[in-house]
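Next up, some structures in structure tokens.
Both complexes below contain chain A, partnered by chain B and then by chain C.
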Partner chain A sequence: MRPLEESEIQQVFEKLFKFVGKNLKNIVDRADQPHCFRLHKKRVYYVREDIMKRATNISRDQLVSLGVCVGKFTHSDKFRLMIGALELLAAHAKHKMWVKPTSEMSFLYGNHLLKSGLGRITENTPANQGVVIFSMSDVPLGFGVAAKSTQDCRKLDPSAIVAFHQADVGEYLRAEDDMVQGKKE
Partner chain B sequence: MGKRNKRSKGELPLAAPGDGDDELVPDDDDVAFVKSHRGYGAFFGERLEVEGIRVATTKRRKKGPDEDDVTAEYERAPRTVASRAENGEDDAPKTLALPVKRLDGTVIHAPTAPAPIEGAGVDDNMHNITPAARAALKKAREEWDRHEKESKALDASEAGAKKGKKARKAEQLANELGKTEYRQKLTTDKWWDKKKDGEGDDDDEGDDEGDDGDSEDDMDPAARARLSQARAAAALEEEMSADERRESVKARVGATCQGVMEDPEGKWADLREVCKLCEDRDGQIARLAALSMVLVFKDVCPGYRIRPPTPKELAMKVSKETQKLRDFEAGLLKTYGNFVRVLVRCGGGKGKSRSQRGKGGPDSATALRCLCVLLESLPHFNYRTDVLSALVPHLSHVDSAAADAVAGSIANAIKADMQGDTTLEALHMVAQLVKQNRCCCHPAALSPFLEIRFDEGILALEAQKAPEVLSRKQNRKKRADEREMIRKARAEKEKRKAEKERMKSFGHRDDSDSEEEDLEAQLERDMGEASGRMDNAQKKKMQSRMLEATFEMYFRVLKNAAGANPARGLPLMTPALVGLGKFTHLISVTFMADLMEVFRQLLAGDALSTEQKARCLLTACEVLSGHGEALQVDTGEFHRQLYAMLGQPSSGSSGWGGSDKRDGSSCDGSSSADRGTLRIRALQRFLGGYSHVDQGRVAAFAKRLAGAALCAEPGEAVGALGVSRQLLAAYPRTRCLLENERVGTGVFNPAVDDPESAVGLAAVLWDLALLRHHYHPAVAAAADEVARMPLAGAVPPALGSHAPAELARLHSTTRGDFRPAIPPPKVGKRARTSVLDRQTSRGGEANVLTPGDELARIIAAERTPADERDRLAQTLRRHFCETREFGVNVGLRAEVARLRRMSIQARERAEERRAAEAAKAKKAEKAKKAEKAKRAGEEVRGKKSKKKVKA
Partner chain C sequence: MTEDAGRLRVASALEATGAYDGPVDLDLGNLAASDPAPVDPDVFGRAPSDSATAAAISRGRDVLQRLVADLFTLPSEADVNGRYVELPAGATQFPRTKPLPPTEKPMTKWEKFAKEKGIKKRKRSKLVYDEQTDEWKRRHGYDRVKDADRIIIADAKMSDVPGKTEDPFTREERERRERVEKNQGKQLKNLQNAVATHGKHVLPPTLQMSAAPKKGVKALPLNGMKKQQIRDLTAQVAKSTASMAKYNAPIPGDEKIKTRGRRRQFDSVTDTGTERERAQGFIDKLVRREKDFTVDVNVAARKIQRAKEAENRSAKKAKLLEKDSGAGGKGGKHGKSAAGLKVKGMKGKKGKK
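Moving on, here comes the complex of A and B:
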């Protein structure tokens, strides 16, 4: 477990910035309790500082996880957000999409979000912007990338994709093994 | 002399056309003489004519035998006889053969000119006209008689000894020159004179004078008589004082207008006289004339637009009736046009200079009113464009009353407008005005267009016809087809043309197929016009043009407000927003994005007042909800604005800090009292309304609403609490605000103006606890209601069935009332009061402040003459006496009370003193006793010692 390096932190923040915009500031300097980012076994964790301090007592190979796992660095050293970041993103998201109840399951199985399933969308969402996807009762389901802007969405035909899938809460079941580093092995 | 001369020249035609033949009488030298000086003596022209009313017949008869034109005499003869019989005049000729000089120096030459009016005609007409007019005429005649007597007296005394200088000169000339030559010169002179007079008239009446003469020639005798009678009356009026003239003109105008209304097709020509009066120098007369003209036109004008007949139609031979109708139409149109021109000239508003407005004519307010009435009652008639274009500029002026009047009349016109062309015209004009003035117009300018009725069915049809989506290939094919079609049509045309040419060269005459076709089409169009029906396509075109113009205007206002240099005060903003809100369902989807963008800019900028912002939000909400799109768009930006506005302190009565200085801007009848409710309405629409909102956001709103209610005016507080109750009811998860437990992560941040990041779910509604002790019972009840909501499950509807906005309006204290009414203070133990207070509470006040019985009776009684006044004075005196005595009495009582108090005090003090003395006396007695005892003891001791000594 170690703090992120300059290049790593830039990558992480860039990804997060796509979803939360200027609210990134609120993530880094939390008003209630200080939090920090830690890298452990190529995974990035968002941890409360007191927990982080306690975690120092545990040896590296013994430490399975701490705090919230927001993503991981791939083999080619690219940062990828994982489903664990959902809570963080949902709390501070700038652009949101709401899924109709009928196509909730489709999304939770890892499919892209279609126009027919789009219940609501934040105004002024540009294309290729990170969006957090909610159910109609405001339960965060996952996140992705907007395929079209809000304006374009209006004229889209129902079978067109409006958001590309990145992560959804179904992964907790589907990719249970991948949740924690080393469990697969 | 000069003055009168000028006046008469300006106003009157010298002689009616009827007297042309008499002027050519060659023999009579005197006649010739007078004729030769006709031009110079124009000042008495009118008098000659009026003289003619009475004298002409006798004169002519006397002259009859040696007159050349026997046939004319013959024609006139029966009427003359009749008139003589009627008038009962004696046959003695009343000639004034010699020139007369009057006291004021005017020379009256012998009135040898035949009268322009046949006396019989006038007298025949006397029983046609109304009594008022008859009276006026009679009066005028009497006056004339007086003048005549005067001049007769003069005539007797001076006997024509003095002739005018010019007259003498002319006589000399006549002696010198041969008769014929002189006559020749005479005729030329006369011709010149006549021409000149004619010109003068032309100047006065404008262009219609030219054929006025023509029409007079072929007028029926009755009309001619009426005309000349009117002229005679006008001539008479010249002599009167201003007041008399007004009365007389009033009567005349009334009679004429009545006549025209009774028989418009027969008597329309009379309107010209009234129209002339509209340009009178005397403003009052012009005003009366204009107002009555408006009424007449309102009544008389046909329900269709008059179209000038084509040359073909003119060439056609028509029946008598048609001709009459045609004449009527043409004449009416001309008169109407002149009248409108006068009104437009006078009602030009303040923008025009005095010279532009011209001298004569009604004042601008009257002219404006007339124009308004014309627009409202004759929107279909000709010259509507002129009327509108004169009215519309008033909307940009500062004069609020004028702008309101104009807006009202335009609104009425639009309301009554079925075809839509009036509306469209007004729209274009106002839009142009708005454009030119850079949106700096009176707020009333846009209000008329709220009345436009858009036919949604037709417009919807158009909207449904969406452009079909074609692939590139299909597109190309379609375009090619179109091109082909156009090419073919063109080729066909060419071919036909060539063929025609060819045939022509052979001498073949075309049987004008196309012309016939044209005629048929035209006929069809005319029929359609007559039936007042529009086919669908036309209607659709009109409607869409109207819609386009309306929205263009509104968007211009919005864009201007959002632009770099907005109009000062944004006067048109509120009406534009109201209008947009009303026609929101008609806004094309393609505009929506732009519109929302403008709204966003407006809300982000600080050009708008808070009230306008609220209105803006409301409109945006209406626009969004009105569309019912398949795709719901989350309006985060608007929510943020609303949230930020809620955070701003609301200042007292005006609610939401918006103190609106411009009174005119409240155009949908929302008075100052409703401003607080405006905000509530916006809130309700946005949150409780159509779309689903984030829970966190809702929670933040609920919290902020409760906080705003703490410092808001009671009405608004009730509304805010109502809205927050609705929110909590609709989103059950947010009811955790009512609990002590913390839900969700983070801490509520009340300082952030963004409902998303404020972490509303972590807040606690402690404000309710304070609000339950609010001084206003309604607010306290509302807070209690919110606080008692169940934490889970469905919530029963609120006790009152009112919407929050309605509640807010109901409980608003901005109007100065309090609901429920404040109970009067309880009468408790009587406090220590002054004597007077005690007096008044015993009913003394009634004695002091209400007048006595008698006084009241007198006041109630009807107006009093002199003796009653005495009684009144007496009673008043007594009343005041009593009042004074009462005052004195009060003073005396106070004095008595004071004295009594003093005496009590004095008595107490005396008693005290007495007590003190008594005490002293007791002491002294005691001391004395003690002394006595001592002394006694000593004596005893002395005795004892004595005894001892003895012993």
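Moving on, here comes the complex of A and C:
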């Protein structure tokens, strides 16, 4: 476990910034409880500071996980957000999409979000913007990238993709082994 | 030399046979001759050519003729098979192919003592039965029998006084250290004695490279260096060439030298203050770069429009209210609203019927 290096901070923040924009400040500097980002076995964790300080007592190979796993650095050292970041993103998201109950399951199986399943969308969402995807009852289901801007979405035909899937809560079941580093091996 | 007209000049043997009369290194013992003069490019050519080859061959013949001529100057004996010459000892030094014959090693003090007393080395088994653990264990090395490091509890004597008697574990540690030091001293003394009686060459090659131990000199130069330090030094030396080892010819075994790179330094794990500061700085930069602070004109316009409409609405309402209050006062308003409710309620009832 160690703090992120300059280049790593850059990658992580740029990715988060796509979803939360200026609100990133509130993530880093939380009013209620101080939190920090820590890297452990190529995974980035968002941890409460007191927990992090306690975790320093545990040796690196014994430490499995701490806090919330926000994402991981791939083998080629690119940063990828994982489903653990959902809660953080949902709380601070700038742009949201709501899924109709009929296509909730489709999204939760890892498919892209189609126009036919789009219930609501934050106005003025530009294309290629990170969006958090909610059910109609405001339960966060996952996140992705907007394929089209809000204006364009109105004119789309029902089978067109409006958001590219990145992560969804179904992964907790589908990719259970990937949740903790090294469990598969 | 001037020539007399009346005398017939007889050519010497060397001249007659065309032998080379320049300076030549001759080693009659090995039947070898070599011309140490630098190669003359005017004679032997600057590039390979037929004339150069011919010149080299003819020079070779001349030098060989010189060698043969010198051989004939040696005292010889006649024999049935021809003339015999005893060659002198060779002058050229050749590297030896076979290893040196074993030399007598200087004895250590213990070896001398053992020889005097007739003590012979006897073979001891590698494994020893350990009664405590009921296992066969090695006599020496890792996981050995009676390993002092593995004793967890030591018996105390009745006479031991807590605080005054030395802790048995520290005593063991101290005694071991002293034993090792004592033995190292003995080894050094043996080496010094060996150098005094036999000379430097009896030392192991690694010690010969450094200064030979002398009496009064406490430690050998390399002794102070740790294994890793010597390794690092080797690696450093291996790449200390003009090209910084970029164009070095591969040396067998060199690939095994592990160079230690610079270790990565990370920030303190628990110092969150500076970390947060740095993160804030980075976010500010990000916000500026992505222009997240700019106003979306459409959204702003819509908001202003909405605010204006709301204002108009409330102004209208206020105007109406004023009108109302001017006509019937406060009570009138209450009455009106009550009446409105009534009507609604009645409507509902109607619907049910």
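Note that in this section the second predicted complex is superposed on the first by the 185 of 185 C-alpha atoms of A that agree within 3 Å, B and C clash if a C-alpha of one lies under 4 Å from a C-alpha of the other, contacts with A are read in each partner's own complex, and residues count from 1 in each chain.
Rule of thumb we're sticking to: a contact is a pair of C-beta atoms (placed from the backbone, for glycine too) under 8 Å apart; a residue touches a chain by one contact, two chains touch by 3 or more.
Remember, predicted model here, so these are calculated numbers, not experimental data.
Superposition of the two structures on chain A shows chain C clashing with chain B.
Once the two complexes are overlaid on the shared chain, A:M136 sits against chain B while remaining clear of chain C. Contacts of A:R54 after superposition: neither chain B nor chain C is touched. Of the two partner chains placed by the overlay, only chain B lies in contact with A:T122; chain C stays clear of it. In the superposed pair of complexes, A:K25 makes contact with chain C only, with no contact to chain B. By the touch criterion stated above, A:F17 is placed in contact with chain C alone, chain B being left untouched.
Judged by the touch definition given at the top, the superposed model places A:I9 against chain C, while chain B stays out of reach. One listed stretch of chain B collides with chain C once both complexes sit on chain A; from 186-194, 582-590 or 600-608, that stretch is 600-608. Within chain A, the residues touching chain B in one complex and chain C in the other are 123-124. Against chain A, the residues of chain C that register as touching in their complex are 266-270, 272, 275-276, 278-280, 282-283, 286-287, 290, 292-293, 296, 298-299.
Here chain A touches chain C in the complex through residues 1-3, 5-6, 9-10, 13-14, 17, 21-22, 24-25, 28-29, 34, 36-38, 49, 52-53, 56, 123-124, going by the rule given at the top.
Residues 23, 26, 30-32, 91-92, 96, 98, 118-124, 136, 138, 150-151, 153-154 of chain A are the ones touching chain B in the complex. If you check the complex, the residues on chain B that touch chain A are 589, 593, 596, 629, 631-637, 691-692, 694-696, 733, 745-747, 749, 757.
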